[in-house]
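When the chains are written out, they are named A, B and C in that same order, and each has its own residue count from 1.
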Amino acid sequence: MALVSVKDLHKSFGDLEVLKGIDLDIEPGEVVAVIGRSGSGKSTFLRCLNQLEQHDWGTIHLADQRLDGSAMSPGELSQNVGMVFQSFNLFPHKTVVENVMLAPVVVKQTPRAEARKIAEEVLDKVGMLEKVDAYPAQLSGGQQQRVAIARALAMDPKVLLCDEVTSALDPELVGEVLLVLESLAAEGMTLILVTHEMKFARDVSHRVVFMHQGRIHESGDPQTLFTQPKTPELSQFIASVL
Amino acid sequence: MTLDFSTLLPYSGEIMEGLVTTLWLTVVTTFVGIALAIVVAYVRDLESGIMSRLLGGYVEVVRNTPFIVQLFFLFFGLPALGIPISATVAALVAMILNLGAYTAEILRAGIDSTARGQHEASRALGLSRLQSYRHVVLVPAFSRVYPSLISQCIIVMLGSAVVSQISVFDLTYAANFIQSRNFRGFEVYLVVTLIYLLLAVGMRRSFELVGRRLFAFRQGGSA
Amino acid sequence: MTDFTLWDIVRNLLLAGRWTVVLSLIAFVGGAAVGLVLTLLRMGGFKPIRWLIRLYVDVFQGTPLLMQLFLAYFGAAALGFDVSAWTAASLALTLFTSAFLCDIWRGCVEAVPSGQWQASRVLGLNYLQSMRHVILPQALRLAVPPTVGFSVQVIKGTALASVIGFVELTKAGTMLNNAAFAPFTIFALVALGYFILCYPLSRYARYLEKRLYGAGIR
């Protein structure tokens, strides 16, 4: 039984049709890397999955439960699907631990003491426990992104969406964030990652999805996909990024 | 011309009394006015419909009419409608409505400059619009417009001199009172003007001090 | 006692409203003239003058306009001049306006990138020439919206002239009220009078500001 099941997903911005029918099933514990050219609709797809964008057509199910439309409240949704952004988007006026505690306390109504414990657990997981009382402005980009991952994890989501989470980082800080994602994958977290890190996609993901012009053009296990692309578009893409 | 400040000395009690009134009016106005602005800015910015329109009208009326006229309207006009109102209450209400209107507009500028990513992050975490306003948007917005907020609070404090015209015993009323007794208008007004100036400087200093604590998150550096 | 018709009230307010307009114009034009001189002096290099002008601005921005009016009125008397409410109000409002405009305009001049100064000095223009041909034209574009916006404060400021006995819109309102005793109507009409004067200016200022910054200048 698939954990995430997307059927015939369509999305347009005005006249521009960005998603032209996406079908994708994702198993629990699966790590899916989404690759593709700029503008191919990767972010839009991810944003539809947690309803930051409303799609026009198609369905999204999460563990048999309809997720799209108004089937789930934003509060429920956030406990099912977590998201990490390219630009971290930490709340600047809250300390690290306050950033992580906010949604559990406000949305889930978790008692503060318990929320604090959860926060410390997830911060430990991303290796940021010693910075609990720092403000985002006092952290490096890599540290901020790890806190952002912890913040998403604190809601205990079933799936974690990551949209180019290392693209805004200085090269020397990319590794620490990828390491965290790798450990999450190893723990069995279901991950959907849009990434430009091909090596990471190849080594960590179970499946790679190549998007092209609003469709899933090709998908498969990383080894075969990268070494024996079936379509000229994918071979071109691989040649251009490697 | 000779200036003679000694005739002021017997009236230091009146000046103190006026000063205390001006101070407490200002302090209450600052807190309540800012609270009002927080509500108005939310409704104006993030809701639409009749309530937002009405509050927009309130803001425009306050900003485009003189404070003294608002004061007269409340103090003389409301009792004529059968709503009794004391001078002090009229003064306080007028001051609060004033600060509320101006601060709401100032705050909206800060809210509008909230990065899109902040809204998206709070939505992705499941926060409602109101929760996001309260926990995510508000404090950074205030920190961005804080200098304008300080100036506005000082403007309202200085503007409160006008409440003397409906016989509220504030600093200016004290000055008028003394002037009518000792006929040394220039000296009295000079001294009281200086007190206002010191109040303005003191207010700015206190606000800046509070701001440094409140918005400590803006300073980077080691944790 | 209330043989005042609504029209009587409106007519009297309109007549007095003329003086609100005239006083506003005097204060604004006078204030702009003084403010311009102060701005130019302040941008110059001479330290004590800059310091003095800064003090002037801080004092006028840090004290109640009502006190400034009282001081002009009683100060002149203390100096031995017997001034009218007209003179005192014009003087106080002009100085008040000049201080605020000086502050607004200084901000606009400072917002012109310093590279512009350097470029014009390198071309051999002296201080006044750089100011006149390079800096001021650019600062002027920035200055228009906040200046229009401040004119609203000037108009509202003239209402305080009523306190020293100058008969303009607000004073006419209190006088009419003493005779007709219809405070709700009268002060609503007075407020409406100011609103009609101020609101278009507020809107225009906002429009200018949007156009300026919407056009991507910064």
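Some notes on this structure:
We adopt the following convention: a residue touches a chain if its C-beta (ideal position, glycine included) is under 8 Å from a C-beta of that chain, and two chains touch if they have at least 3 such contacts.
All figures in this text were calculated on a predicted structure; none of them were measured in a lab.
In terms of inter-chain touching, the protein chains here are arranged end to end in an open line. Nearest to the global CA centroid, when each chain is reduced to the mean of its CA atoms, is chain B. With centres defined by CA atoms alone, the chain at the far end from chain C is A.
One finds 21 Å separating the Cα centroids of chain B and chain C. Centre-to-centre separation between chain A and chain C, using Cα means, comes to 56 Å. Chain A and chain B have centres, each the mean of its CA atoms, that are 46 Å apart. Chain A has no residue in contact with two or more other chains.
Only residues 59, 61-68, 70-71, 73-75, 77-80, 152, 156-157, 159-160, 162-163, 170, 173-174, 177, 181-184, 187-188, 190-191, 194-195, 198-199, 202 of chain C touch chain B when the two sit together in their complex. Interface residues of chain B facing chain C in the complex, by the touch rule stated above, are 1, 3, 60-61, 63-70, 72-73, 76-81, 154, 158-162, 164-165, 172, 175, 179, 185-187, 189-190, 192-193, 196-197, 200-201. Partner chain B is touched in their complex by these residues of chain A: 50, 52, 73-79, 82-83, 85, 87-95, 102-103, 106-107, 131, 133-139, 148, 151-152, 155. Here chain B touches chain A in the complex through residues 115, 117-118, 120-128, 131, 135-136, 139-140, 143, 215-223, going by the rule given at the top.
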